[in-house]
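Here come two complexes built around chain A, the first alongside chain B, the second alongside chain C.
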Partner chain A sequence: MLKLKHAMYALLATALFYASCSSKSEQAVAPTIANEQLTSAYLKLTNEANPSDTTSCRYRFHLDNNGNVTSTDSTALLLKANSKYDVKVVMLDTTQSPTFVVSDEIKQRQNYHLFFLQPTPISSANLVISTNSPYIPGTPTSASGPYLNLAVARTDQDSNTPPLQIGLTDLFTTGAASTGNLRVVLRHQPNAKNGTYAPGSTDLDVNFKVTIQ
Partner chain B sequence: MKKTLIIISTAFICLISLSASAQLKSYLGVFGGISTPTGEFKKADYGEIYHENNKAGYAKNGFTIGVDGAYYFYKNWAIAGTISYQDQGQLKSSDVQNLSAGYTEGFGVDQSAVTSSKRYKNLNVLVGPQYTFVFNKLYIDLRVNAGIIKSFSTPEIDVVLTDDDKDYPFTQHSSTATAFAYGGSAGLRYSFSKCIGLALKEIYINSPGIKIDNDNRNNSAGRLVTKQPISEFQTTLGLTFTL
Partner chain C sequence: MRTGLLLLFLSVFTTLSYGQQRTKTTGFILSGKVKDASTKTLLNEATISIIGTSTGTHSDSTGVYQLAVPAGAHKFRFEFVGYVSVDTLLNISSNTKLNISLKPSDDFLKEVNINATLSHKIIETQSLTVLQGTELERTRGLSLGESLKSITGVTTFQTGPSIAKPIIHGLYSNRILILNNGVRLEAQQWGSEHAPEIDPFIANKIEVIKGAAGIRYGSDAIAGVILAEPKALPTTPGTLNGEVNAVGMTNSRLGAFSAMLEGSLGKKLEGLSYRIQGSYKRAGNTSTPNYILGNTGLSENDFSAALQYYHKNYGIETYYSDFNTKLGILSGTEVGSIADLQARIQQTVPITPSDFTYTIDRPYQTVNHATAKVRGFYNFDNGSKLQVQYAYQTNKRSEYDLLSFSPSLAPALYLKINTSTADINFDQKPIGGLTGSIGISGMNQGNVRMYEYLIPNFVDYDGGAYIIERYRYKKLLFEAGIRYDYRWLKAYRFNDTIAKIEATTTHYQSSSSTLGATYNITNDLTLSGNFGSAFRAPTVNELYSNGVHQTLISYEVGDPNLKTERASNFSLNLNYQSHRVAIDLQGYYNNINNFIFLQPTGQYIRVQSGSLLEFNYTQANVFFRGIDLGVIVKPIDSLEINSKTSLIYAYNKTIHDYLIYTPPMRLQNGLTYHFGSWGALKNIAVGAENVFVAKQTKVPANQDYAPPPGAYSLYNAHFGFRLIINHTFADIDISGNNLTNVAYKDYLDRFRYFADEPGRNIIFRLRVPFSILQNNK
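Now for the complex of A and B:
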């Protein structure tokens, strides 16, 4: 009887986990930036301690002939515990030939674009919101964990006065082995960028599964 | 080249010596004419994204009226001054459309609504030395001058960027600033009598720029005018009164 109870709890937890993942994976919104279609978003990471240790993850939009998203898929991000990674966000439009690098366009339009990268689950103590924080206000926090032991910091700045962060390059700092999700949001904030999440609209909103091992 | 310079210099000296006379009589005059913007002031071009033309003035052909005078202190040499009022028009609908398209692309938004009011209106006060060549009743006045340009108004431009049904407004204000100006003129004067003459003049005026204020510009993106250069050619006709 006890075994059956444990099995029921495990089944329920698994179902909840997958339900949460599947809802996040459908957060992709109109992937158009400055009239450029966005078909793929990559995070490309290099271990600071060992530059030959690289890893990446990819989120892909499948479009029909009219440019509407028909489906999406993504790969998971595998990271080493207790490491620091230099991160580069790369976005592509593979419908063009040659492939158009949308992230280069974002770099040029850096003064009104801002990336947010939100690891979850996260404790309320670690969800620090400020003009230099890449975390998203309103993200649900967990009181007891287990948490995804990943801290994110943006490392690039735009040419506004004073300069504001962009998020095309970032620093990931991992802790102990853990699993969770990383939500990547690109905010388009025309003449409204001030370092915070609120102004503007969302150009990109995707989610990656993360495993730290 | 050296030969050409020598010939021009010799001709100029001959002209001065031929036209040199007893001290000329000072005069005052009134004039009116057309004022044509030049250079950046005339340009009606937003520019390209990342290379916006932040000095294009979208100014139009207009008119000028003013008073002019010269005080002869030694033979053909005078200290001359001009006070003139200019109107260089306002933005046309094609200008507004050009700006709207530029801001839409510059900020990567769905659309931009641009509205413009007020005109380029300013006053020039310029003083400088003048040399006059005399040929019987015909006078040729050559002048260089410097002074100020006082703006009464410049086009006020209200922009509303719209993206995802959200509005992001900002404004380029009309300016009443004052700035340094300089220029020169060449004029023909014909004396009908001892008192009255007719003056035809070509004037060039240039100012590095009057200060333009903007409201609600939060990011360094899109066309942003903070200083508007002003340059114009004026062709005027007037009456002069010998003092």
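Now for the complex of A and C:
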């Protein structure tokens, strides 16, 4: 009997305890805010020979309300053969209001970032691994087959000693008519930037279709 | 030499019953002091026990003991390691004072510390390993997970050198229940990089139950239970004692400091006792043999306070603890895509060298865990006992990611979980050979998240009821118990397509049970068999996660239709203890139906930085089986040879493949030599140990980014002694880990893709218990 009585007290105490701790803060769900978000990347090109001849391409990430990528779309890049283009890389976060210009922040943190603009496939003859020719290790090359006849050179420098390139502005030199892809990679290399691809991690990795005609 | 064994056996056994002895029986109080017969030094932690029962206690640092004894004639034993034990028959009919002087023994048995596997109060037929005494002291400064690695069948799952989670019989995270001073630790345990929020300095005894043991503490304990137990508060009126611990390590330049003050009030406040304790820990970057691991520092500040009031047959105690830590995450481990990770695995050393620093940069975690507890008990005149406990915990976790371009100072993820738990337990009076307990427990949880969406907000209510009974007949002990649990879970999920919150309510209910028997074949040899059935309801991350797990480079998708896991654990335990040899052999088979795990779907998810592998939470029927073997041989009294073997095999029966992250074979072989005394130095001991961990070859196909690393063999050594000056003493210990500075990787460290494990580490430990007031009535 004693046991039963105590069990009853216990049940009562438990009921009271449940009643006493109802909290509503769980129901008011805080919005999802990512510290960093990237929704679009543009290449904006100006023909050196004719400043009114501009072209661009855009890569877009479509996000759900939790910041997860649901789909992507991109526009192709059309270039004239045997021309030189000044290139500007623009990256945006349109989830913020006003739109957050990510590339401006990259410029401010230039000593930690490095862009790679890699034509693919690339001719094995053109394969020169140097800071003048951004090259992503492992890029497929072609000895004889078709390749994108495009040379890329970064034109800006950071304030490291000695200064290293950034790639927010570039110079494209097109050759004969050809088609292929341009892979754009932004590497984040905090306290590790040395001009090569390896250190750090990737912030952006996208491909544009390129037609040189 | 029989007493030697008995001494060893009893000293462990009585410790096991220590926590509850004060109030186990009603009657009278036997109290007094234990001292060295010649030097009059008061002996700390001498054991006082009633022969033939599990009743016993220890003297405190002032040599004072106090033991509640039923009326009648009892044979008492007073013993202290290295001294001749004294047996005496007393007829107790009133509160009695008895001071005892012990003589040092000639065949000085020295410090004996064995990870003895003995029956315990909760589930007597299931194996329990206790870590205490010098063995525990030698883990001071390490995290809880690291501290337990000396126990067979137990290892850790690590995320770099700063984060370690315990693994028992191949399982970890939510499948292990951790009790901090009797309170079920409720934090964000589901995360494999979320280390238990416990300051090991609080505990003077850590118990590990291996195997399904949900019966007493509720669901989830399908792999085991870890109990971190502080020392009982002093009860002798008018005392004030303290203890200081200091630890220094050469690798990571870790410094840890812990101080404790405890006392018992006299006069009108007799029965009231208290303790305050604080720990401070700071470490910088850890070094591997070839390079420094950047951003692997940590800092920790902990505080705890306890206050209790004991009267003749009732008592109340309150406890509060606050745990704060900041843990650096190894730099260079952030990767944006599978391609990034694979490139990183190709590199054998970090591209960018790091220097030593205590500074912790992003990425890092901060965690705060606060626990408040009130416990009361009442002892009935007939020998029954009622216990009621209420605890409230708040866990706040912030994870700061490495930022590329954002000026934000905010964390990437913030989770706060509040938990209330209430437990009522009633131990029935013994009826013939039948004893047992019955109880109910309840829990309420609320989780609030901010920033990134990893798991939804939720509220849950849990209730459970159990009964465990045991019957002793001659050399046999039978035990059976059953428990029922109910969980109500409401998750406030954010539907990302319609941008609205959807409340989803689920219910889980299930029963746990235990059935076992122990047979004392001879006085030295005991055979125990136990069947435990336990379950675990799916956690919110398993049900509802949908997104990128940053440190895992995986895209994880939960399944709201997951069912509860059900474990059926069979274990057989053979225990032999003689003067020269102690053997503890445990074989187990843990079958888990509906085991929840992450399975790669073979799909890639496109994100800004490239592609990630998609993983789904899915269920399968699996089993774990293995053997834990511990052998201690003492060819002569002063030499102890120690061998530990942990073998485990895990298999997924549904997909006919091995299970990922199963611990490989682990062997620990060591010896300790006790030199005895030299001047003011006592208990001089020197030891060496080899730890061999085999390569895990039984791994599932296509589920890992890199093959398991090779086997490794480490050499450790230690040297320790007790320095006695006047009436106080200091324990000093110097240990060296990985003495040969081997560069190795561990399969169960998630950062093995990026870096080696720590190199040589010399550790200095100092422990000074002291007494300020004695019997100041």
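Criterion: the second predicted complex is superposed on the first by the 177 of 213 C-alpha atoms of A that agree within 3 Å, B and C clash if a C-alpha of one lies under 4 Å from a C-alpha of the other, contacts with A are read in each partner's own complex, and residues count from 1 in each chain.
Basically, a residue touches a chain if its C-beta (ideal position, glycine included) is under 8 Å from a C-beta of that chain, and two chains touch if they have at least 3 such contacts.
Quick caveat, the model's predicted, so the values are computed rather than measured.
Of the two partner chains, chain B is the only one that A:N111 touches; chain C does not reach it.
Residue contacts after overlaying the shared chain place A:N68 against chain C, while chain B stays out of touching range. Annotation for chain A, partner touching more residues between chain B and chain C: C. Once the two complexes are overlaid on the shared chain, A:L38 sits against chain C while remaining clear of chain B. Using the contact criterion defined above for the overlaid structures, shared-chain residue A:T161 touches chain B, although it does not reach chain C.
Judged by the touch definition given at the top, the superposed model places A:T55 against neither chain B nor chain C.
In the superposed model, A:S201 makes contact with both chain B and chain C. In the superposed model, A:A192 lies in contact with both chain B and chain C. 33-35, 109, 112, 188, 190-192, 194, 201 are the residues of chain A that lie in the contact sets of both chain B and chain C, per the superposition on chain A.
Across the interface of their complex, chain C is touched by residues 2-3, 6-7, 10-11, 13-14, 17-18, 21, 23, 25-27, 29-30, 32-36, 38, 61, 64-69, 72, 102, 105-106, 109, 112-113, 137, 188, 190-192, 194, 198-199, 201-206 of chain A.
Interface residues of chain A facing chain B in the complex, by the touch rule stated above, are 33-35, 108-109, 111-112, 158-161, 188-194, 200-201. Across the complex, chain A is touched by residues 331-332, 334-337, 339-340, 343, 347, 351-352, 380, 384, 386, 388, 390, 401-408, 410, 412, 418, 420, 422, 424, 426, 428, 438-440, 442, 444, 446-453, 456-459, 461, 463, 492, 494, 496-497, 499, 501, 503, 546-548, 605-610 of chain C. Contact residues on chain B toward chain A in their complex (touch as defined above): 49-50, 107-109, 161, 163-164, 166, 168, 170, 216-222.
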